[in-house]
Every structure is written in C-alpha cells, then in structure tokens.
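Before anything else, here's the structure in question.
Naming follows writing order (A, B and C), and every chain is counted from residue 1.
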C-alpha cells in the first residue's frame, strides 16, 4: 500500500536529502564493503588469466619451480615468438578466419530468414518446429559427428571450407533461430504494414526495416558462431583431410603432446594467442550482447 | 489506418513490448508479398534440412541398430530394435552416469546462478571504476575458449608444479597437496571441473542479471528504503521479484548447457577416474568414439535429449502456452 | 501444405541415399599382380603419417625411389595423435580415403577386423623381401591369419638412468641381473635421501611397465580360446608378476607416484629435475629430458634393458607402426609399390635405423644393428627389442586401451587399494566382455 502511494508522487519529491544521516553512513559503509568484496572477487576471478600470462612470459627454467614464481624474473617473449613462428600458425589462423567469418555470415543470414518465416508466416507445425529447435540444442555435442560426416561424405563436402562452415552453421542455427525469433516477435506488424503501404517489397522490408531491429539477435548469433567455429577441434580435425586446411584448435593441440614434454610456457603462450581474438571481440560487442540477451529474456 | 493508431496508443513501443496474437487470416492483397519471401526462405530450409534434420534422422535410425566400425567400412549392420534401448536402460553404468549428470548439473547451475546473482548485485552498488574493472574481469573469463581454459586449468592443478596445489599447501589447512592429482580423485576431479565451468558461466549470468536489474525503476527502491526496509529485504522481495523472468531463463539455459558440458570434463579428467566424472555426454562419447559402438551411442544420445526435454518441459510449456508468438 | 510434403519427400530420399551409399562399398578386389611396376604417371598417392614417426628425410628417400619407379607423385599428410582413431575411422569410411596410412601397431586389429583395411596376405612374401618381421609388429597386424599391415619400425622401452647420479652413489656399471639392479638402487636410495626422491620412478598407472613384470613371470594378458579370448591376469604366473611389480614400485618409487601416470606430472620432467635417477622410457624421452634440462648431456645418460627376475631381460611391449592400405583406396597397386620400398632392407637399414635410430622392422635388421656400432644410449633398446611381446590382436583391444581400465588396474595394485587377486578378477571379467562382446 505504501509503495503505491509513493509511486503516485512525483519521483523528484523522493530525494536523497530526506534520508536520515545514519542511513547515509550505513550506505557509505556498505559501499566500502562492496568495494572490498569487488577487489577480492576481481583478484580471484582473474587469477587463471593472470597465471596463464605469467607462465607464458617466463623462460622454461622459471616455469617448473618448486615454489611458483608469481612474477617472471626474466621476462621473455620467446614462448610467443616460437609458438607463432615455428608452427603452422599463420596458415591455421587463415583457415580459422575463413571458417569463422563464413559461419558467422551464413548463420546470421539463414537465421534471419528462418526466424522471419517462423514468426511472420502461418503454417502448420510451427509450434512443433519451435519445440524441436529447442530439442536439437539439447543433443550431446558429439552425437551428430558421425551422421553429419556421412551426410557430408555423400555430398562431397568433406575437406572443403564450405563443408566445415556448413557444419558450424548447422550447430549454431537452432540457437540463432530461437534468439532471432524473440526479437522478430517484438516488432509490431504495423511497421511492416506501413512500409508495405509505402510500396516497399518484402525483400526491402526484411533488409532495411526488420534486420536493424533484430540487431541484438544478430550480435548474439555472431558471438555463438564465432565461439563454435573458433573453439572446435574434433569436427575440424575429422572433416579436414589436408593439413594445410587445419584450423587453430588443431594447432593448439600440438602444444600438448607427450613429445613436446612439459613445455607449459609454450602451451600458455599458445593459449593466450588463441584466446586473444575472442576476448577482443567480446570486449567490443559486450554491451550490445548483454542488452540483447536480457531484452530477449524478458519477452521469453 | 484506424487500427494502427489505436494499437499504438495501447502499447508502448520498445523492447518490452509484448503484443497479443496479431496474425489473422492474411488479407488477399498480402498474398503477393508472401511469394517472394518464401523463395528467399528456401535456402535456409534446405540447409536446415540437409545439415540438421537428416543427420538427426540418421542418428535416430542407427540407434535401433548395431551400427559400428564394420558398418562404417562395409555398410553392413543389423537391426536390433528396441532391444538396444532396453539394453541401455538395463545397464547400471547408464543410471550411474544419469545420476552423476543430474548432480553435476544441479551443482553447476546452482553455483553459477547464485554467484551470478551475487555479482550482479555487487555490480549494481559499485562505483563506475570498480564496476568497469569487475566487468572486464568477467569478460576475460567468459571469452576464453574452453579448449584454452581447460589447458590453463590442467596447468593450474598440475601435480608437482601446479600453483593451485602450492597455494593450498601454503594455507596449511589441507596438509601437503603438492602432488595431488586432481584428475585422479573422484571428488577433486569434479571440484576442479565445477570451478572451471562456473568460472566461465558466471559472467554471462551476472552481466545479464545486472542489465535486467538496471531496468528496475529506481523509485521502487527509494520508496522501500523510505519505508525502512533493510537492504536484504529489498534485495529478496524487490530485486529478485523483478529478476524472476530473467533468472528463469538463465537457469534453463544453464541447465541445457551444463547438462551436456563435454570439453571441460574430457580435457581435465577424461571422465575418470573409473567413470567418476562420466556424465551422460562423456559416456556417449566413450561409447561412440572409444568403443565405436555407434548404434548404442546414438541410443544414449537420444535418451539424453529426451530426458533433458522432459526436465525443461515445464518452461517450454509456459513458452508455448503464454499465448505468445508461437 | 505442398512444401511440407516436398520437404518430407526430400528428406526421406536423402536418408535412403545415405543408407544405400553406406552399403554400396565393397572391398575393391585387388587382382593385380603383386609387385609388377604399376605405372602411375599423373597420379598422386596420398599418405597419412603420424607426427613424430619417420622424419621427412626418410619419407623423402622412400618417395624419391617410388616416384622414380612409378612416375606417380606422393602427398604426405602429417596427422596428430589426438583424435586420430576418430579421424582414421571416418577416413576409412569415406569414399576417397588416403592410400597408405601409418597405424600404431596395437591399433591395426581394430581397423582390420572390421573390414577397413586391405588384405595383404597374398603379397606378404613379396613385401617381406627375404626378411622375418618382428613378432611384435606383425602379430597385431594379423587377424584370423590374414595380414593387414606392413611393419614400418619399432620402438621399445628400456631403463634410462642418470650415469652421473649413479656414479656419485658408487655404481660404475649398468646392472645385468635383477639382484644387481636392486643392489644398485639400494645404494642410490642411501645416497639421495630427499623425501620426494625416487631411486627408480615408476608411476602406478604405467601399464606398459607393469605388463613387463607379468610377462617376465610367464603370464600374459589374454590367450586365444577358439574364436574368443580368455583374460589371464588371475593366473598364478601373472599374479606372481603383479606382486613383484607392486613390491618393486613401492620400494623404489615415491608414495605419491602410486596413483600417477607418466604425464601428469611428466616423468621426464621429474628425471630432468633430478627427482629420480632412473625411469623406464622410450628413446624419444631422452630428447625430452634434455629439452627439460639442457645441462644433462648424452654422456650423463645410459640405458639398459630391465633385467627380469626370470634371469633374462623383461619382455617389453613392442611399440611401433605398421603401414596399411585402406580397403577403399583408389590406388591400391601404387600403394603396394610404396609399401615394398618402405619395408625394403635398404630403407630399413640405412634410414630407419641408420639415420633415425629406430628399431628396424625385422629380426635380421635388429641383429645387424646390434652387431654394429651402437651408442651407449641405443644399446639398451636393442637388447630389449630382442625379447618383445604384443597385446592381443583383437578387434576391440583398443577399447581396453582407451577406457582407462588398464591404467586403473595397475595403479590400484601399486597403491594397495586392491590386492592383485581381486583386481585381476574384475579386470579379467572386463577384458573378456570387451574383447568377446
């Protein structure tokens, strides 16, 4: 009851100056506690990343010490240099880039089209399709490797960039459709109708009107496609026969074979290099991504 | 014309708009504009059918057979029918894996969501500088590909030289942990995996919850404070109440993702020791890719999916029932 | 709706096509004459080689000979071990697999017995070129009496020990009997007393070593029983070997090592750090040790075959590779030509052993090598190679290697969580069900 009466009052009337001094003191103390908690949390949460960097910058002799060194005594970039130059790094990077960009573009385009179809056009079985899209996401990740392999073998898609791109698209598409649908659904039909009355073709509507409005969904899809394509080892290794077409996860795996011994410095340097593009990407689009997911969430 | 203006008055535009079912019978003049989009949609349909539907159908089909290496090389296989599924359900290892999966998932989802809620609340009371720092730290953890983070984890928990063992030994609370091989102890292996998954899962939950929290109108908080409500009460009765839909979504997504988590478990403990960390996903992999009993692996995969669907059925039913754009 | 029906029809069609195409493959009949020089002008032979096996120099030597003989080109693709079973299985299932594949010797049966590899029995005599292949390489490649792989090279395990540390403890000569070994190790133990020091580091999960004890006592993993296999760890001889393994491991290796494997932590790192003076390892581990600690030179290291309680060296598991030809390969004649060159005495003696130091694929090759000049480091391996055994040539053996039951069997015995008797009972049951299932 009291809340309601408060709400009818203009917001400006409820000012900070009306609070008792004790409450203000409590708030400030609370703020200090929060700051301490934040610092502790940040230290704990960033520790693995810090340790990865720390190890990567150490020479081999400083990595395996009985008492761990928390700062490199002789900071060295040699791990990074050898990781990048003494392997197929550039080649695999190129391959990963091709596959990732292809997967992102294809998932977005196909996702937008499919989500538009599901939300804008009435046809039987729409509900079943949506439930099954959710169901597909629940399959264990490796379950479809062999069936997809056989399909691709039949379609002669193995050993090609297109094949690998399509494999990732297949993995990301269900999620992409589901997310985009949430955004399509929130766009009032009136916007489309208005555009149609203005004489725009459906294709134009899709491109200029709808697409910008589902941008958060597009961002989400691009992120998941990026991760799926960048991070996958088994599919890339199995589908690509030619070693000149391997992607970066295969490169990363080569740092942890028994023959390489315990070169953790090299492994960590490779991990840093491998993670860097993804981290940069996330930092750039993070705000859009989160707002997109939360907006989509409230609509359910 | 009139329809448009009255609708516009009723509903606020913007992200939170939730409209009633608006798809009536397509008017005659609309039919011409449908044809073009349908043709645009065919490529999407083709890709979906070829790359998703067909492999799934194939998976379901071979789940009724003894498809294995021989079948891959020579094409021969025998139909086993429902006996395959009966075999799966009769296998005590399956039930053990299922139990483990449920427990793991509950622990991982519980951990991620609770910590996520705490971090979201933390973000909301911090000043801009610290909030930025915490956000960056969260993103670093979130963005790292799990293939790389699993490698880092193995190094952190390496017996003999891993820094985690050293740190724990230095606390003098657990005795000498220097040579503890986390991957080889059933409980410790799970703890290490739990930490890895939660470490990377919390950021998404925390940031999404925080974004949702910022949408809550400030007036509610100020009013409640004026009424003398303590901070805890405010949090539980007010904040959480507003976060409920987002929380539910986060929980469901976490359940789906954590149920099938694979890379982290495989790279840290390979499902060992003695299957102690073999969840259904790892179990499926071992059956299908170590033993190459592909038919049996397919059956387990199908069962896993149906189970997960059943467990999230409540949420899906809500989704379908909410009268919404389905 | 019409679209739904067309879609459904298309889907069914695709699935049906899949099933049919999977069935339509049949072993390409190789009626061609065994080693008549096939003309391969304009064709390319694709070879999958495992990273770390033969060096590019050796491959080039083989390829040059091959190209001269047939006019065909060779494309060598290096493969990594991680995920290789999946990759090879799917490759053998695809419609254009590679033409020659490098398969670890214990893995050959799992591909051969399921019909993925070409039957080479008819060409055996031709490929052997007068030599007798090492048992440990050819046994696993023979399924039901048919040959499916051509031995490429072998590797064994021997004791790698730190000469310097042993000299400091007063030992100047490598032991040649079990009693000498234990006496030497006791001296080392007395000299180096750090709490985390192991005179002889054997991680409890090191099944390759554990097997040597079982074999030395006269036991075995499993023996053929008609069409089936019967696991034999519960036999008296095997039990004796397991008990010997446990007491040796417990006496000379650290307590922590009882539940560890060779990689976490890496036993070569432990050796390089001076935390142990001896390990059982492959020849390439010497390189790893030196990379881990550049101060350890070849002069500081020595090898010897592990002397068994039986009086002769412990039989070792022969590791190594075989070359096989996928049954669906489209250049089977050319592949056979290539195999002949790779297995030829000339390549084996000059390159495989001569330049790379691997153990050549035949008894004659080993004798010739052992009779010649062997470095201190090579000696131990070649002695060990003369007593070698292999794992059961069963289609499902790779499952046992892959599901970690082997490592847990040995580590439970080493750590004492199970007696050899109880451990053997459940492990034998597991082996029986997997190999025969």
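A few comments on the model shown:
The definition used in the following text is that contacts are C-beta pairs under 8 Å (C-beta built on N, C-alpha and C of every residue); 3 or more make two chains touch, one makes a residue touch a chain.
These numbers were taken from a predicted model, which means no experiment stands behind them.
Of all chains, the one whose CA centroid is most distant from that of chain B is C. Comparing chain pairs A-C and B-C by the number of C-beta pairs in contact, the larger count belongs to B-C.
The distance from the centre of chain A to the centre of chain B, with each centre set as the mean of the Cα atoms, comes to 13 Å. The mean-CA centres of chain B and chain C are about 40 angstrom from one another, to the nearest whole unit. The residues of chain C that reach two or more other chains are 3, 14, 18, 22, 86, 90, 93, 265, 269, listed in rising order. Residue positions of chain A touching 2 or more other chains, listed in rising order: 64, 145-146, 150-151, 233.
Those residues of chain B in touch with two or more other chains are numbered 38, 45, 50, 54, 58, 72, 158, 161, 289.
Against chain A, the residues of chain B that register as touching in their complex are 4, 7-8, 11, 13, 15-19, 22-23, 26, 33-34, 36-38, 40-41, 43-45, 47-48, 50-52, 54-56, 58-59, 62, 72, 119, 122, 125-127, 130-131, 133-149, 151-153, 155-156, 158, 161, 163, 166, 199, 204, 207-208, 210-212, 215, 218-220, 222-227, 231, 245-246, 249-250, 256, 259-260, 262-263, 280-281, 284-285, 288-289, 294, 297-298, 301, 304-305, 308-309, 312, 316, 318-320, 322, 324-326.
On chain C, the positions that touch chain A within their shared complex are 1, 3-4, 14, 17-18, 21-22, 51-52, 77-83, 86-87, 90-91, 93-95, 98, 262-263, 265-266, 268-269, 273, 284, 288, 291-292. Taken together, the chain A residues at the contact with chain B in this complex read 2-3, 6-7, 11, 14, 18-19, 23, 30-31, 34-35, 37-39, 41-42, 45-46, 48-49, 51-52, 55, 63-68, 106, 109-111, 113-114, 116-117, 119-122, 126-127, 130-131, 134-148, 150-151, 155, 166-167, 169-170, 173-174, 181, 184-186, 188-190, 193-194, 196, 201-203, 206, 227, 230-231, 233, 249, 252, 256, 264, 267-268, 271, 274-275, 278-279, 281-283, 286, 290-291, 293-295, 297-300. Remark: chain C residues 3, 7, 10-11, 14-15, 18-19, 22-27, 85-86, 89-90, 92-93, 110-111, 114-116, 196, 256, 259-260, 264-265, 269-270, 327-328, 396, 398-399, 402-404, 408, 434 touch chain B in the complex. The part of chain B that touches chain C in the complex is made up of residues 38, 45, 49-50, 53-54, 57-58, 61, 68-76, 154, 158-161, 179, 181, 183-184, 270, 272-274, 286, 289-292.
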